[in-house]
Amino acid sequence: MNIIETQNLTKTYGDFTAVSGISLHVPKGTVYGFLGPNGAGKSTTMKLFLGLTQPTGGSFVIDGKRFPGGRVQILKEVGSFIEAPAFYGNLTGEENLEIIRRILGLPRSSVADALELTGLTQHRRKLAKKYSIGMKQRLGLAGALIGRPPVLILDEPTNGLDPVGIHEIRSLIRSLPQQFGCTVFVSSHLLSEMELMADNIGILNHGRLLFEGTLDDLKSSAAAQGCPTGSLEDTFLAMIDADNRQRGGAR
Amino acid sequence: MIVSLECKKLKRTGFKAAFFGGGILAAAVPALNMAFRSEAYLSMDAPPVKILLNANWQMMAMLNVLLIVAGACILYHIEYADHAIRKMRTLPFSESAVFFGKTAVLVSACILLLAIEAASIFGCSVHWFGPAAGLYREILKNFGFFLLLMLPAILLSLAAASVCRNMWTALGTGVVCVFAATMIPAQNFALSLFPFALPFRTFSDLSGSAARNYAIAGAAETVGAAALAILILKIRRSFE
Amino acid sequence: MNFASLIGVEWGKLRRSKIFLILVLATVILWTPSVLNSELNFGMQAEGISPENNFFIQGFLAMTWFLFPAVMIVITVLQIQTERTDHGILKMLSLPVRTTKLCMAKFAVLVLFAAIQILMSVGTYYISAAVASHIQSYDFLLPPLFVFREAGMIWASSIPMLAVFWLLAVCIQTPIFSIGTGLASIVPSVLMINTKAWFAYPMAYPFFVITSEYGRLAANFSTAEIDLIPWLPTAALITAACLTVSCLRFGQAERR
């Protein structure tokens, strides 16, 4: 069963198309890796899911709720982390999470739980503006994970983390479906990361969905198209390159 | 170079438009006042510039000082909002150079503001009181005086804005200073030397010696405010 | 989440903002000259106002004409910049709370700050009046019922003005325009209260209320009386219009 489904979802800004008629299918209880180079439309798609921007065309359903009517209902079930971490610099990490907890109507213990999950417990009383980049990233993640929501939308969550941090967060994301039964929709431009984390992947380039399926499906599809299949990175780069050439030709 | 860089940084902040709009608004004050109450002013026995400034300058000066405070806040807000100041501090020029670059920009904006207001006073004077000999000189003397007396407020507003990472702290401090200036009685010379109160004084309303004293005070406060700003920047640097 | 809790959340976001320091500084600057010049209150025979009433009214006139509205603009800047500095607004918009409710909670905090600023002025008034009474050996203290009634009137009459300031802060994205327009809008209040159209200018309401009270307290000084019609309907209409537009526009820039 798909927990997130989009039908021809489109977003244009003037004559620029950021997302071009994509139809995604994210199965429940899995990690879905959303891949694409910078500017491919990953963040825009995620913003569409959160109602942070309005679609120009198409529609989407999250856990049976359709946008825009069910926006507040959708947001009750979605923990999110979009682009740069968003927080209040004049508040401590704990106070930032307390705001989110109160709005979501969660029990008091959920703040400590989120801090623990992201390894911020010992820094909880420090002002968020004094956090390092990695700590700000963790605070953003804690804000998404708080209350262990059934759907997590994470936009490049390991940006700015050191290798140890990347490993920790990756392991955490990987374990979430088994631990809490949630679905994770995670974007990245790092192929190696996706290979270790995702059950399914979607590849986006210039707003168009080039591929959707499992990693094995990707390999067979790439082989059929004559793309290299040695490593996921080679496959991805070849697919993007082929698409770019095709688009260039089309112009 | 630094001044042109500071001008470039102000693109799309609305700074120039705000000063231009502010100038037009302040210029409208004497025009509207004359349009509605010309009989009251035409019957007065005094030089036209003096009548016009006495009737309108308090309000015009208030708009000017508020624009100075708001302008200073924006000049430093652009540095703090996206942490551009961090980059500036790593470049090979001193922070005081940035400060005086911003001062030059704000002074230029104030010259534009005063020019629009001077044009309005000139227009009102000619339109309602008729052409008079020495009008240009009188207006130039008055507005030159205004510019000199604005300098300490410009420097201090910028110094406050440079210290405060949050715009509202600088704005709040500026607003409180402007308010304090409005509370100061003009008769008390010592108190009226408060930097934010100086721009409310008019040259034509002061005797020769009083005007000279204010001009000297304005120049001295400008030098003092500049020295204070350099000191503040140095102290802050040593604490970071 | 209920509205009161949301106001609590919004209030909590302004921790460590140093805004109270500015409020205290403003109030001290407001009342210090009144104490220092307290002897002037005995020379108001021409106006026909008693020294204690004059002490009270002059302070509140100074407050309502510029300080109070200007500090309220500073608070709108504080509220908007707190959301924008580290993109806190983006997180808020991705949480299950209606933007209208969020916008109204922020406005409620602004109204609360207005009450705090007025109460601080009342408190400082009593301290100043006590000091002045001691210096001049004359009782400057007015009955609390009268003082709080006036304070309540200032606060209630300031709500439409706050709605206009909130509209400016929400709708004008460029900070210098929202601050500049707000501050510039205060300056003509002194002219507007002398016109017949004062009721159409919300920034003049608190100043008008106090000026009108001055006229009542001073036997030989006449000021315009408060006519509830057309004032109340106009004020209600302006407030409703400003808040409706603010709620519709709130968060729009971040949701493009």
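We just call them A, B and C in the order they show up, numbering each chain from 1.
Here is the rule we use: a residue touches a chain if its C-beta (ideal position, glycine included) is under 8 Å from a C-beta of that chain, and two chains touch if they have at least 3 such contacts.
All of these numbers come straight from a predicted model, not from anything done at the bench.
Counting hops only between chains that touch, chain A reaches chain B in a minimum of 2. Of all chains shown, C has the CA centroid lying nearest to the centroid of every protein CA atom. Inter-chain centre distance (chain A to chain B, centres taken as mean C-alpha positions): 50 Å. Averaged Cα coordinates give chain A a centre that lies 45 Å from the centre of chain C. Computed from the mean C-alpha positions, the centre of chain B lies at a distance of 26 Å from the centre of chain C.
Touching of two or more other chains is recorded for residues 17, 85 of chain C.
In chain B, no residue reaches two or more other chains under the touch definition.
Shown for chain A are the residues that touch two or more other chains, of which there are none.
Within the complex formed with chain C, the chain B residues making contact are 13-15, 17-18, 21-22, 25, 59, 62-63, 66-67, 69-71, 73-74, 77, 81, 166-169, 171-173, 175-176, 178-180, 182-183. On chain C, the positions that touch chain A within their shared complex are 1, 5-6, 8-9, 12-17, 82, 85-98, 254-256.
Within the complex formed with chain B, the chain C residues making contact are 17-19, 22, 25-26, 29-30, 33, 62, 66-67, 70-71, 73-75, 77-78, 81, 84-85, 174-177, 179-180, 183-184, 187-188, 190-191.
Chain contact summary for the complex, chain A toward chain C: residues 13, 50-54, 72-73, 75-76, 78, 80, 82-91, 95, 98-100, 102-105, 127-129, 143.
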